[in-house]
Every structure is written in structure tokens, then in C-alpha cells.
């Protein structure tokens, strides 16, 4: 990915590696250490498939976890949690009322949260829930390319600019679009979030992760193809992003979490023999990788 | 089990190993390769205990996974999935309406699905749900002996033939009956399914797995006793059966999945030291076992 | 912890190690062997985060597992199960009616159960559910110090004695109180349970676990700090306590389960490199640790 050039808006910008002493790297290292030293609580409303891995990844990253589904639980816990993670996989009927209610209450409380729009575009209930978040949006959205494009479509953000980014067909939980194709949607989403919450970020996961604060676009190469052969690498990345959001600004939290996952994925790939041992080694690596390793990650920026 | 003789209907038939060049072995190898080459999506409506292992086993076998509980999610995803897996463990109140609705809609869409009648016989809600499936049945049923017998009882299939197969008492999630005692129920179930869906199969899991298309009875020895010391070996077998059903006929899918699990169980037993490492090694083995190993599995047939 | 002196009631009592031939050690060894020889069924109504680990820990300890959420399933399964485990994490709306109903029905059936009051004090729904258990209480309560104190508060038990034990602020799922601070609450809870169910016990998990039958206070040192770096060590301890309760009295079941977990934790810590491998090694150790090792555990008693 180094020395790549990328269409962003309608112009081509140079993508360059940020320097070794860029202040962003300092903020990343500080976030990693702060989580490990203060074990912040990030709570989750997340799907049943990967809820265990989300909690274990948050613990392995140094934070603590609490999972709830009732608005009264979420609101009570929001008072003692640094951030909230909401993931719209495996919906149940009562979520249609509960999730819009929770988003509105978090907005009134001024509590930051991370949204994972899993399977955006599948199901009328999910669409209704995701649309309700438009006016009480999260601080960070993290998804795959298809989900980011679908969410920006749902929120009518793709009409706001003159260029034509491709829309996505519903894709289940797997992306059918590549990360670069979601660049425009990610930028527009990040700007929309920022208008509501101040600082904001959007992270697009894929072969090379993309993170933007609505102004700059960062690309984070690395990781392991084995991360797609276990369920929940993306969900647990969303959860750990919330853990970092408890101690850092949205852009730093998103980049720190992606970089942690990429380094841990590489370490796990080298010491595993299939998806079973990969997951075990991955959790160990989340625990063992150093703040220096994470902060020294390749970070390419398009300005 | 070789050279065994088994009561089937009212007559004794010889059980023999199928030959090394039996076309069934070719179909099994093709199914295994096809899944690994095309990563088909099989969606699941499954219990909360083992939902993570179901997804991870499907991924480790080469497929992709999506889990949902709302009819609108299931029907939307059915359009892009090769097969659906429904497992009636850990019921919630809304399932009583949702699951009959889903079965009827899958029937009208002509979409194949696999039923795991977990704990059949326990609870009035589960009984009502399972009875509703009688007229919109799955393509494959996979369960333990007690569950297969209980389901055939519920569907009134045990009155259709002159012989008297034993009925089962409710058994929780563990079978209290051995596989052979479910032979008659499995045959009658398979014929019932086939009348609705064309080709069909029933798989009975146990010390020696049994699979039938309503005509022939196949027995698949092997596996590991440690598979009963982790939760979800049966559930994840049902999920992987759906993965294979996305690319193969019901009989081939059922035999390929059972054979894969038996070979992976044997490999995992040899390299593990307890149920924790067994599950890790089992997922690695699902990923690493070759199509030739699976297709060369012992397959005994009663004609 | 040896030769410690502990405030208990208003007096100071000597804490001493029980002898090597104390009958309690014999009962512990018998419970461990009985579970491994008879594979008793303990059913669970438990949270979605750790439901898989609860089942796997019960299996690794030698028992069998069944998980349900509908009252008709729980009541049917109670007929064939030795004990029931109820854990109030990850509440759904229908639990508000289902759980009080289940507790009342278990009381009328005379079936023993174990309560894990996860996150007691968080959420009005959880509080209503926990308050409803006051008159149909479990045989055993197992929680962290904050949860035990909060539950005793909710049940109005802290007014029954002259001394003033500290109340706890809501703490999410992590304890903010240390085990000793819950001694009084644990004693009063155990006496309350005992008035309803005959023999009863309360277990407080922490750096040194505490178990009381309302008369004596036992402290069980050991374990591993890594048990707080995986999700569900406490939940699965509650589940395995139910497994032992299927074959033993409440005090023996609680001490056997805590001792098993402490020994397994120590073994796992020695052979793991992070929380991923710790969980794997922990399940292996639950399977491999001997009844002699468990029964020989350090057990300090305050008489």
C-alpha cells in the first residue's frame, strides 16, 4: 500500500506514511497504556454470536466489559462506563424500540458510543433501527465497506456531494465492496457524526483498514487473512474501539484499536495452525503486544 | 461395526462397506472442495449456547456464516444464502410465532434448510414449534437418537408402519437412546421430508452416526468421545451440514459433514489434553483435514 | 491468609486451617468423584456472554448441561436435573415475569438452585427480579462482594443485626468491595436462605473466596489473577456449583467448586501465555485435576 494514490472526493491525493514522531503515534501509545493502567469499563449491546469474544478482547486489551440489552441497564451502566458499543447483529423484536430509545438517551447524557452497523441493508427492522440513529448518531462508526456504504445511503448522505460513489447491494455480514470504494461514504459519515458529537471518526475494516475523522483519511495495512476465518474479528474490534474511546479521542481510539488488531493478527498467524489456535493466539497477542509495537504501526495518510 | 447385521423394517440386511470408488465418495470430495473454493453462505437461527461454535465451525469448514432471529432478517438472507440451519435450543417467547412463519416462508421460497430438533419432547412451546414444521418440513433433520424418535412421534409417523420401534422418554439435550434404536424413526422421517422437498436426509448422531435418505441406511463410525465433553459438537455439525447443503444434495451433505467431524474429532483427540484444547484442535482440524481424508472415511451401508 | 483474625459479627475469631482428615475434605472428594462417575445434569438460565463457558465448564467438571429461558422448558427440565443455575446478567424484557415465576415453581417443586446476582444494583428490572427471589430463595447464592452486599440490602437483611456492615455502590459486573467486607452480608443471606430451604450456603468470590453456611465462615485462598482477564470465571463457577449441588449438600458443593476453580486456575496460569491460552488450559485443568488435589486445598475456617 505504500506510495499508493487514491481517489478521494474527485481528486487524487498522495498517500504518505506518517513520520515516526508524529503526535498521533504518541496519542496511540498513551491510549494503549492508559487502558492497561486504568482498566476502563466500556459496555456493549451486541450480537449473540460474538458477544463472548467482544468481552474477552476488551479484557485482553486491558479494559473491562459489561453487556446489557435493556435500556434501564444500559443507561445505568452508561453512568459508570467510559463508552458504549452498539452492534446491530442478531436483532430481537424489542430492539426496534429499545435501540432508538438508547441512542436518544445516550445523546441527552452526552455519552460517547461506537456503532457497528452489522449487515446494514438486510431486514426492515435493522433498517428502521439504523435510520433512527441518524439524528442521535454515535461518535464512531466501524464496519466493513458494504455496511459503511449502506449506512451512508440510509442516512441520505450520498446526495450531499457531487461525486457518485457506488451504492452497495445487501451483503449479509460479509463485505462485497472493497475498502477504497467506501472512502466517500466514510468521509461523509464522519462529517455527519462530527456535526452532532464534535470529534468523530469512521473506520472501515478490510484488507487495509481505513479510518477518517472527516478530514484526513488514514490507511492501516497489515493484519491476517485468518481474521476472516474466525467469527467476530470485526465485532471485537468495535468493542475494543469503545474501550479506547473511554480514554482517547475518536480518531486516536479508532486507529489504536485497528493497529492493535493488525499487530495481534500478524503475531497470531505466525504461531497458529488453523482458526482454532488462531483465536487463542490472537487473544494472547492482544494481551502481550507492547504499546511501542502498536504505536510504530504503518499509518498512511491522505491529506 | 463392519459385517454387522441390522434390523431395518422387519427384515435383516447385510451391512457392508461401500467401495473405494463408489460415486458417493466422489460426491463427498466434490462437496468438500466446492465449499472451500466457493465459501458459500449458510445462515442460522440457532441457540445461544453454541452459536459461536456453529459459526466458527462453518468458517473452519470453508463456508461463511450469518445468524439471525427475526423473520425479516431470515427471509432477506435466504435470498443470498445457499441453505438455512434452524436449531430449537434456548427458545424465547417470540419463537413460537417466528419459527412456524419462517418454515412456511422458506417452503414457499423453495429454500432448503436443516433442522436440529434439540431437546425434542421438553417444553410445550418447543413441541408446538416442532409440530408446526410437519407440513413445511426441512430438507435434512439432524439430531441424536432420542430427538429423532421424539420428532417422528410428534409428527405421527410411528403409526405408518407395521413394526414397533421404541418411543423415547424426554431426555434433555443428551440422548438416552442409542443410534440403532432410531433407525425406523429416521427412515420414516426421511420419507416424510422427501415427499415435501424431493431429495431429503435424516442424520442421527451418536457413537456411530447414521444417515439415511429414506431408502438406504449409512453408518459412519469414528469420531471421539471428547466430542461429548464440549458443548455444541452436534449443533455445529448441523450448521456445517447446512454449509454442505449449499453445494450438494442432502444425502451427500449429511455424510460429508459427519465424516468431516469424525475425522477432525480423531485428529483433535490425538493432539489435545482435555476439552479446552480439544475444541481448539478440532477447529484447526476442520480447517486442515483434506478432501481425500474425508472421502476415504469408513461408510457402511445397509441396502 | 493463615493465622489471620477476622471480624465476624461483633467479635474476633481465630481463622485456622481445617485438618487433613476433616470430614469436609472427604465430602469434597466424594462430590468430585460422584460428578465424574454419574455425569449429573444441572440446567442453567444464564447470560448470553458466558453461556458457552458455563456449559463447557460443567462438562469439563464431569457433569452435563442444558440451557433454557422459557418457564415451561425450565420446569420440564427441573424434573430430570439435579439442580438449576440462574444468572441475572443480560436481561431481556420477558425475564421480569419469567424469573419470578420460575423461582416460585422451583420452590413448590422443592428443587434446589444456585443464584448468581450479576450486577445487582444496576437497572430497575434487575432489582425487581432479585427482590422477587426473597420469598422463594435459592439454596446457594454465589457472587462477588459488591453483589452479595447489594442483594442483602435489597432483601432488607442488613437491618437484622446490630453491627453496621458497609453498603456498596452499584459496580457493574466488577466488584468494588473486597471479600471480607461482605462477610456480614454473606452470613445473613445464608441464614435467610436456610430458613427457606434447610441447608444453604453463600459464596463470595474474590482474591480469597469466602463460603458460609450461615454458621461457619470458610476462606479458600489460591486461584489466579488471570481468572479476571477472561469473561465468565465467576459465571462458570456458579454453574459448576450447581453441578456439585446435584450430588452434594450446599456447603460442600460451594467449597468443592471454588477449590476446583482455584486449583485449575493455578495450573492454567503456569502453562499459559495470555488470556486466550489461559481459558484453554483452564478447561483442560478442570478436566484433569484430581479429586485428591481438590480435597487437599487450603481451607481456612472462622468458628
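To keep things simple, chains are lettered A, B and C as they appear, and every chain counts its residues starting from 1.
Here is the rule we use: a residue touches a chain if its C-beta (ideal position, glycine included) is under 8 Å from a C-beta of that chain, and two chains touch if they have at least 3 such contacts.
Protein names from UniProt, one per chain: A, B, C = Hydroxyethylthiazole kinase.
All of these numbers come straight from a predicted model, not from anything done at the bench.
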Same vs different contact residues, chain A (Hydroxyethylthiazole kinase) with chain C (Hydroxyethylthiazole kinase), by half of numbers used: different
Fit chain B (Hydroxyethylthiazole kinase) to chain C (Hydroxyethylthiazole kinase) on CA atoms, both being copies of the same sequence, and give the resulting rotation angle in degrees, nearest 5. 120
Take the average of all CA coordinates in chain A (Hydroxyethylthiazole kinase), do the same for chain C (Hydroxyethylthiazole kinase), and state the distance between these two points in whole angstrom. 36
Send over the residues of chain B (Hydroxyethylthiazole kinase) in touch with two or more other chains. 48, 52, 92, 279-280
In their shared complex, at which residues does chain B (Hydroxyethylthiazole kinase) touch chain A (Hydroxyethylthiazole kinase)? 41, 43, 48, 51-52, 55-56, 59-60, 64-70, 72-73, 76-77, 80-81, 92, 94, 279-288
Within the complex, chain A (Hydroxyethylthiazole kinase) is touched by chain C (Hydroxyethylthiazole kinase) residues 47-50, 52-53, 89-93, 119, 122-126, 170-174, 228-232, 272-277, 279-280
